[in-house]
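Multiple structures are listed underneath, in structure tokens.
In what comes next, chain A is part of two complexes: it sits with chain B in the first one and with chain C in the second one.
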Partner chain A sequence: MNILELLNLAIRLTAPTLLVAIGGIFAAKSGIFNLGLEAFMLIGAFASVAGVYFTESVFLGIIIGMLTGIVFALIFSLFVQKLKVDPIICAIAMLTMSSGLTRYLLIPFFGATGRYILPPQFALKTIDLGKLASIPIIGPILNNHSAIVYISIITPFIAHVLLYKTKFGLELRSVGLHQEAAETFGIHIFRRINVALLLNGMLCGLAGAQLSLSLNLFNVGMTNGRGFTALAAMTLTGSRPIPTLFACLLFGTAEAIVLSLSGKGYPVQILSMLPYVLALIAAITPALIYKIKHQLSARRVKSSLAKH
Partner chain B sequence: MKTRTKIISIVLLVVLLIATVACGGNGDTKDDSTAKPRVAMVSYMAVDEAEWLQNLVAGVEQYLKDNPDRFEFKVIEATQPNEYEPKIKAACEEGYDIVITTYDNMAAATIVAAEQYPDVKFGTLDGGIENLESYKNIQDFRLSRVETGFLAGIVGAKMSKTNKLGIVAGADVGSINEIIAGWQQGMRYVNNEIEDVVMYANTFTDPTKGKELGLALINQGCDVIGGAAGGTGVGVAQAAAEKGTYYVAWDVHYPDVVPDLELCSALNYFDKMVLAFINDAISDNYQPGKTTIYGVKEGAAALGYLDNNLISDEIKKFVEEVADKVAAGEIELKLEPIHK
Partner chain C sequence: MKSKLKRNIVVKHVPETGAKNETYHNWLSIINPVIAIVIAFIFAGLVVLLSGDNPVTTYAVMIRGAFGQLSGIQNTLRFAAPILLLAMSFSICSTSGYFNIGQEGQMYASAVTLAITSTLLSGMPSVVRYVIMFSASCLAAALAALVPALLKSILGINEIVVGVMFNYLLSLFSTWVLTYSFAAHPSSSTPMSLRIPESMSFGLYLSAVLVILIVYFVFTKCTVGGYQLRMIGKNREFALASGINSGKILYASAFIGGLLAGFTAFCEIIGFYHIVYDGFASGMGFFGMTAALLGRHHPVGILLSAILLGGLQSGAVLLPVRTSVPAEIVEVVQGFVMFFATITLLQSSAFKKRGAK
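Coming up: the complex of A and B.
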């Protein structure tokens, strides 16, 4: 596998994680740490397969996946904001419920246990960029992905503009930083947090749709920890959208490297550890550099003091 | 005042509960007169939770319909770890002659119950009990995975043109490695020069990863790929469908993913295995302290084909001959993979 194919694969693997991470950022900026990203993603994956099954249209399936994500996010919001349940507890409840609910609903919806496979004509089509694909380096990396993957790549930039360049973003961040202060400015906190969670649910639903419809099937537990990887990526970068893009790309590339290295006789235990080791290195390095810089400058100050 | 009412109501509730339990106990007098052996299976998950368990129960019930006098069968669901020991003991107390427990998470509870009820014959399904030989009323039994893996390997090697095969395995654990061992020995039984690639997915529920691994196998030149990885395996089948590569399935058929590419599926019949154990146990063939492996011979494992498969009759006949040899014990199969 050459490097361009590897990066193409990395982009494909990054997309769902990235969407979920950006969703999580909206929640985090509004002051709610949403541990249950995985749950919304799983429900989105299930709902989009169900949507395609009942409407026989891929587009409507994706929309239904997103809407279901929104509905569950609003339920989450109701519990957290109106009923004052601790967000972490509520998220754990969501996680347990999502895995149980999707497992159970497979039976009445499709009469299947464990998984349901859609007919192949409902697969999410990959898009050939045509002439754009002949651009060196970038072309082969970005070619032949599904529409959701392209959306996912531009999402961090939209999120950045929304959060840092608009009034809505400013208000949202102020709610997250200090609720009382924001309230005294006449910002409707409940509504702001609702919108943030709504965006969160929508993006998680979209990520779930990418996961399930790119394979045209739903399998129990098919998110397989991607929500938590997204959580790690956004925490790693302090919930800033564009650095999160790179953090997710790091995870995606690591996963792609693992995939291309498997089957070559390396121990699987080491391989499956690799993405997390990389993340750990990525998390520690900036802090380490900062500390060394700090110490060097402190020494410089000391030595300059000693001269006098 | 309020707390007092609470306490009184709790006390009343407890009394009521005790009364109910006691009455239940009195009502169910043990009936030793029936000659039918009574078999209880304590399952660690609800029956409708998993396909293999549903098939198991359905198979045993079908068998009992045909042979109603053979034994009596009851499934007890113990879904929480703290229910294992009391439910196993309750089965013994109820007078069941044979109690079957499932998988190694029930090992500790089974040992405790076995010591307390020395007259009950215990059977553990893949129980993973340490020092098994020291227990006089526990027999371990499990499915043979290596035999069907061997047969699948033969089919794969016969159908391969590039002489390079690949498999995506769920995890680097004993039962999966047994499958790989069989698969590798099977293809080498046909052609000693054959190459094969093993990829571990490290998950049983991630079809996305399965698909990418399958594509990677095809990229490396494999023209027959297999998936022994549960839900991850569906993704491998998708990769095969996308690239038009032959696919070897495990446990289930995939007629809706690879209708014209699936070569065969290594199927397991848990009902046949449990029936084989029960029949052994009630016909004086009970072997406590030992592990019995049921496979092709007992019909607990078999190679299945789709109705419209690609396998020629010649190959099928060859596979059948080899299966007979395996059942007769003429071919010795190693349980460790040749390479990982």
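Coming up: the complex of A and C.
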């Protein structure tokens, strides 16, 4: 496998994590740290496979996946905002619920335990870019992906424009920074957070659809911590959309390396640790840098005080 | 200025994760979990109904299986014991504001250490083996719990993200050890360890769990340490101002939580399996968490919730035999129970408004 093929695979594997991370950014900007990204993604993956199975149309399957993500996000919103549940505990509860539901529903829906593989005619169609594919380096990397992957690549830019260049984004961020101040200004907090979580659920559902339909199967627990990896990416970049794209590309590349090296005699388990280790490092780095900076400046102040 | 702003955002997204410990003297706190359980069973019943089965017969079979005969009750207690231990582990951590989601990882750490020490000490007398295996496996789990606590306290990193990553890492590591290392079973196709000859009677296991429950009750209610623990969980700044070393308490609670999770794994393997299987702990952490949340971190509440969840698991054993409902329905019920147990009626705005009028 040459480097271009590897990067092509990396782009495909980046897509779900990236979509989820952007969804998480919308929630984070509205002031809700959503740990339930993984749950929405898992439900989205299951719902899109079920949708494809029952409607026999890939497009409708993706739509159903997104709608299910939205429904769950709105339930989350209701619990957090109206019933005043701790968002963290609610998110973990949704994670438990989604894993239980998908594990159970797999059996009556498809008559399969643990894993269901869709018939091959429902494979997610890849798009040939035609002449654009002949551009050196970029062409082969970006060619032959599904539509969702292309959507995922432009999502961070859309999110950036939406968050930083529109009235809606300004209001959303003000809700996240200071709820009382935003309310005084006449912003409807409940609606803004609802919209943010709706976008969050939609993107998570789409990510789930990409995850399951690109492999043409649903596997119990197939999200494999990607929701939390996305959270680590958000922490690394301070919840800014465009840097998050690069952080997610890093994770995608790590996954691609793992995938291409597995089955070549290396122990799979040790290789598979790589994305998780990277995510851990990503989560730790910003705080570590801040701490070191803080201590250095404190020392500088101390030494300058000693001189006088 | 810019960096300061950035920092603000980062800090803002790392919230305090203490489970708010409601006062449980209120009558609502008893009604609340009951309502949660009822709603959860109704919703799970709907799921069963939608998938084409009769929920009433399903529940009847489960109740008969869990509490009907002596063997059923025994089975229920067998499943309730680890849930109770994990619930206490979760509860003691969240009282001090540390969300211990890494219990499964801690159990894998404990199990791997158990497998390795058992293989290393194969020639030693049984008593020595027992003591070393016990302490090593519990300590390994405690250390696995301590790392996220250290990161949280020193750098302010969300312990849930770290805990989940640790779960995956430790689970992969345990699979690797059980497949390739000297502790692995040489002739088995699935990853598992060599047989561990020691055993532990179920009576001993149960009594150990009950003793720990009583100690936990006395500790959180009647000792200075328990008081400090609750204080830090409720209001960190106030506790700091009163001169409590919050870091130390946080580490202590994480350490104890890890020890309990490790002890659970030790008991499960020594008591029942005698072999460390790959993925033996999957999903167990969630059950413990559910019991702790449903029981509102109160010892009696935890005990009752653990028995309920244990009953669910033992009742489900008969399901595939008597009905066409798969045993996985347990996880649906458990998920719904946890989900609805998060609602506190007192806190919800609908209730507040009515009170204000």
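Keep this in mind: the second predicted complex is superposed on the first by the 260 of 308 C-alpha atoms of A that agree within 3 Å, B and C clash if a C-alpha of one lies under 4 Å from a C-alpha of the other, contacts with A are read in each partner's own complex, and residues count from 1 in each chain.
Definition applied: contacts are C-beta pairs under 8 Å (C-beta built on N, C-alpha and C of every residue); 3 or more make two chains touch, one makes a residue touch a chain.
Keep in mind it's a predicted model, so treat the numbers as computed, not measured.
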Counting only touches as set out at the top, which of chain B and chain C does A:Phe79 meet: first, second, both, neither?
second
I'd like to know which partner A:Gln269 touches here: chain B for first, chain C for second, both or neither.
both
Answer with first, second, both or neither: which of chain B and chain C does A:Ile89 touch in the superposed model?
second
Does the superposition put A:Gln179 against chain B (first), chain C (second), both, or neither?
neither
Could you tell me if A:Leu13 is touching chain B, chain C, both of them or neither one (first, second, both, neither)?
first
Which partner, chain B or chain C, is in contact with more residues of chain A?
C
Touched partner set for A:Asn224, first chain B, second chain C, both or neither
both
Taking the superposition on A as described, I'd like to know which of chain B and chain C A:Phe33 touches: first, second, both or neither.
second
Scan A:Leu259 for contacts with chain B and chain C and give back first, second, both or neither.
first
Just checking: does A:Arg115 make contact with chain B only, chain C only, both, or neither of them? Give me first, second, both or neither.
first
Residue by residue on chain A, keep only those touching chain B in one complex and chain C in the other, then list them.
103, 107, 113, 224, 267, 269, 272
If we count contacts the way the header does, which residues on chain A are in touch with chain C in the complex?
28, 31, 33, 35, 79, 82-90, 92-94, 96-101, 103-105, 107-109, 113, 176-177, 224-225, 228, 231-232, 234-235, 238-239, 267, 269-270, 272-273, 276-277, 279-280, 283-284, 286-288, 290-291, 293
Parts of chain C lying in touch with chain A, wherever the complex brings them together:
3, 6-7, 9-10, 12-15, 17, 19-20, 47, 51-52, 99, 101, 151, 154-158, 160-162, 164-165, 167-169, 172-173, 175-176, 179-180, 283, 286, 289-290, 293, 326, 328-336, 338-339, 341-344, 347-350
Listed in rising order, the residues of chain A that touch chain B in the complex are 1, 9, 13, 103, 107, 113-115, 117, 119-120, 211, 214-217, 219-222, 224, 259-260, 262-263, 265, 267-269, 271-272
Listed in rising order, the residues of chain B that touch chain A in the complex are 48-51, 54, 166, 171-172, 197-200, 202-203, 205-209, 211-213, 216-217, 219-220, 231, 234-235, 238, 241, 254, 256-257, 339-340
